[in-house]
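Next come two complexes built around chain A: one with chain B, the other with chain C.
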Partner chain A sequence: MTLRALRPAGLHVVAVLILFGLQFVLSDYEKLSLTRIMVLAMYAVGYNVLFGYTGLLSLGHALFFATGLYAAGLTTYYFGFTLPEAFLFGVAVSALVSLIIGFVALRTSGVSFMIVTLMFAQVGYLLTSYFIEYTQGDAGLSLTGSRRIDFAGMSLDLGEPAVRYNLALLFLALALLVVYSLVRRPGGRVLVAIRENEDRTLMLGYNSFANKLWAFVISGTISGTAGVVFALLFGYVGSSFASIQYSIDALLYTLLGGAGTVLGPVLGAALMIVLIDKLSEFTVAYLLFVGVALIALTLWFPRGILGTIRERWAPWIP
Partner chain B sequence: MDFGAFLFLAFLEGLVQAAVLTLTAIGLSLVFGVMRVVNIAHGQFFMLGAVVAWWVTTNITSPVLGFFVALLIAPIAVGLVALASERFILRPLKYDAVATIIATIGMLYIIQELTLLSFGPDARPVEPPFYFDVQFPWFGYSGYKLFVIAVAALLLLALKFGARHSQIGLVMRATQFDSDTAQAFGVSVGKVYAQVFTLGAMLAAIGAVLVVPIQQAQYLMGFDALILSFTAVIVGGLGSIRGTVLAAILIGLSDGILSVFFAPTLSKIVAALFIAVVLIFKPEGLLAGARR
Partner chain C sequence: MDSVTCFEEVDTSRPGRLQHIERSAAGSGPHLADRPLLLETSGLERHFGGLNAVDGVDFALREGEVRAIIGPNGAGKTTFVSLLCGRLTPSAGSIQFRGEDVTRLPAYRRVGRGIAYTFQITNVFGNLSVFDNVMLAAQSCMRRRGGFFARIDRAELECRVTAALSAVGLDSRAALKTGELAYGHQRLLEVAMGLALEPSLLILDEPTQGLSDSEIDEFCTLIKRIAANATILLIEHNMHVVMQLASRITVMNRGKILAEGDPEEIRCNPEVQAAYLAA
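And now, the complex of A and B:
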């Protein structure tokens, strides 16, 4: 195998190594921000499977993030689930909800698909405020209970910033690995084929519905797992994570970093979150900037950062 | 008050809702029908109309004069915003379905946040132009609300007449039917799109000016208007104007009844689920028979 063939895999290994190394130079506060960024990046990595590779614009991915968040958070809060139990339960519920929503939403296509996903997410958001007795709505719940995991003789304390940082990185790396191996295989090429021309893909004998559903479930489950990780690492669940704003955020990160590139959403999430955090120190109307960014990206920079780099200089980026 | 009179009152209230919703929803429906663009920022045009109406009426002391000036200025101001966004955002995107949805989401945020910065977060009332009650045998009813119903009905008739009998209406219908063929026959499709997008926004603004003495102007009022308009457009069948009008009237009338039975959050949940279910299982709309 030549060195050239190793470039795509190498790029991702280097990216993860850089994130790993950063913890030794960053301050505690910066480490905390980066932990949050990595979890939200994972959410966008999941979103990208559907939007970037399969070409399906979902306007309701906050539903999956919130599903994972609440499935893990509420069971911990009310039933005293341990951390591993809550994790597994959260991932399972996310997968199930993506399967069900995907199964019905994929009966539509194009504009209808976008509106349907938007509406389902809106239902999810309204449910969190309808059951305000249990969820505390926007104020949210702070998860109490044990913050320790005893695993294979090791004892991990989620109160430790370093533990949180490395767990967030671990899950982000796993998500990247899943997406990377998906898109490098023939199955991933079929998704891209559906994005480029669904009729032709169908005519070539591929079951486009089954492939789209598969992409939907992977996408929803990764985004849901990000929600689970968020709830368990930060010990907080609140209904703002289910709002439309959050669905749009995933779209924005993916567009900025480059839709249809594995690392794009990570890059987009990092840049956008840092920018918005800075801006919200100055103004309450930071969403104004989000609006300008959405329009500017679609008008002048539709391929995003990594997408443009791939187009101009490095066609090997997956 | 006996039951018949109560029902009549609920009917009138529903009709007021329906009148405003019809104007707003037709705007959304026109834009989708002719341009195939889903305008997520449509609710913001509605909100902008309400805010401009507040601004005009607070700067003119006479409520009557203020209201009628607002009825003139708000649609023009909102129409100009729409015209500019069509020219500089939608046209360069070549009306691509995905790109325009993303860009109109961006427009939603920009309009909403600029309003927050200038107008502030509070809800502000607008004086009705006149106070007098029409005396029915059973109760007195706000003359202003009856006026709203009348204005909306007149506008609808004018629109219908314009679509049937004017040159612009003919060209719009031709573009909706088949834009390529229309272009081949010398119709300037780009110009028609600009007109339609502006007209859609102006209709929403008129609806807002009419409703603002009954509700209040607030910078977040656009989203609910958008969802209600969506419901009307989808129930009526995507792209069918007549379907939209029928659906808007039905929704307006039933809204009063729904809000009696369900808590506000629950009725919003029902509405959102309803849109999704109709799109999935009956994409041609519930009133498909009313097409064209």
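And now, the complex of A and C:
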């Protein structure tokens, strides 16, 4: 195998190694911030499977993030699930919810699909308020109970910043691995084919509904798992994570970093969150600057940062 | 030439292909009427509002034929083949393929049964490379039995793609972005995609439309080669192409079959002359 053939995998390994190395140079506050960024990046990486690769624009992905968040959070809070139990339960519920919603939503396409996913997400958001007795709505719940995991003779304390950082990195790396291997496989090429020309894909003998449903479930489960990880690492669940703002965020991170590139959403999430953090130190009108940045992006770099780099200089980026 | 050999090797893995390969060109081998039926429609209808685009068509196609469907604009030719490949559902009637009723099967399943359709208006993946376009077709053919997570042998896949591309003479352009291909080459790519599906019935909808005379000649040579391995159903306006390729011709007019026969019979048929050839 030549060096060239190793470039795509190498790029992703280097990206993960850089994230790993950063913990030794960053301050505690920056480390905490990057932990949060990595979890939200994982959420966007899941979103990108559906939007970037399959060409389906969902406006309701916060639903999946919140599903994982609440499935893990509520069971820990009310039923005393241990961390691994809550994790597995959260992932399973995310997969099930994405399967059911995908099955219904994929009967539509285009604008109708956007509206249907948006409506499902609004139902999810309103449910968190309707059951405020249990969820405490916006105020949310702080998870109590054990913050330790005993695993293979090691004892991990989620209260420690370094543990949280590395767990967030581990899950982000796993999500990247899943998406990377998906898009390099024949199945991933079919998703891109559906994005490019669904009619033709059907006439090549592919069941486009089944393929889109797979993409939907993989996407929803990765985004849901990000929600699970968020709840368990930060010990907090609140209904703001189910709001439309979070659905839009996933779209913006993906567009900024480059839809249809594996690393794009990570780059987009990092840049957008850091930008908002820095700007909000100076002005309350920070969203104005974010808006201007997005208009500039749409006008001059419609394919996002990595998408543009791929188009102009590095066509091998997956 | 190596890659063409490889294509035939791949072919032999499919049951029922060997006897086709041994036949050198369409029209030779056993007499047409003795060959088994591949496709049959009875009372096939498709209405669009008050318009009967296809109006009670009884049609039969035997294995190994090169059948041309001709007829004036609006005769219902494209609607008819769209019903055959499943892009449209019929209002009434039935379609049998190899003795199986496929009337209600979705299009993608019919492709799995061996019916491939190439579009009248070039319909390829413009943003993907030429190689990737054909790879999607070859991959579909290879995983008919496997499902979404089927393991696909990369070397065999690439071999099939290269074979299909060299069959139409596009192998030197494999790495190009499809949108940058000349129109004639995009038409050839359509055919390569059809070939990579290894269909038992290849439906070509006006394949020579927009091609230059020299391209049309090359195209006819290509179709003759393909006809050795597959049954071909061809919608075509260019009578020179039809007369050169077709073993039988079906003439459609106003959604019905007006006449059917070998090229000589059709040429002499007064009804056909009145409806179509007179001009």
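The working rule: the second predicted complex is superposed on the first by the 301 of 318 C-alpha atoms of A that agree within 3 Å, B and C clash if a C-alpha of one lies under 4 Å from a C-alpha of the other, contacts with A are read in each partner's own complex, and residues count from 1 in each chain.
We take it that a residue touches a chain if its C-beta (ideal position, glycine included) is under 8 Å from a C-beta of that chain, and two chains touch if they have at least 3 such contacts.
Everything numeric here is computed off the predicted structure, so don't read it as measured data.
The wider contact with chain A, measured as residues touched, comes from B rather than the other of chain B and chain C. Judged by the touch definition given at the top, the superposed model places A:Leu204 against chain C, while chain B stays out of reach. Once the two complexes are overlaid on the shared chain, A:Val274 sits clear of chain B and of chain C alike. In the superposed pair of complexes, A:Ala314 makes contact with neither chain B nor chain C. In the superposition on chain A, A:Val13 makes contact with neither chain B nor chain C.
By the document's definition of touching, of the two partners only chain C reaches A:Trp214; chain B does not. Overlaid on A, the two complexes show chain B and chain C touching no common residue of chain A.
Those residues of chain B lying in contact with chain A across their complex are 36, 38, 89, 92-93, 97-99, 101-103, 105-110, 112-114, 116-117, 227, 230, 234, 238, 263, 265-266, 268-269, 272-273, 275-276, 279-281, 283. Chain A contributes residues 57, 59, 104-105, 107-108, 110-112, 114-116, 119-120, 122-123, 126-127, 129-130, 248, 251, 255, 283-285, 287-288, 290-295, 297-299, 302 to its touches with chain B in the complex. Every residue of chain A that touches chain C in the complex is listed here, in rising order: 186-187, 189-190, 192-193, 196-197, 199-208, 210-211, 214. Touching chain A in their complex are the following residues of chain C: 85, 87, 106-109, 111-112, 116-117, 119, 123-128, 132, 135-137, 139-141, 143-144, 148-150, 152, 157, 193, 197.
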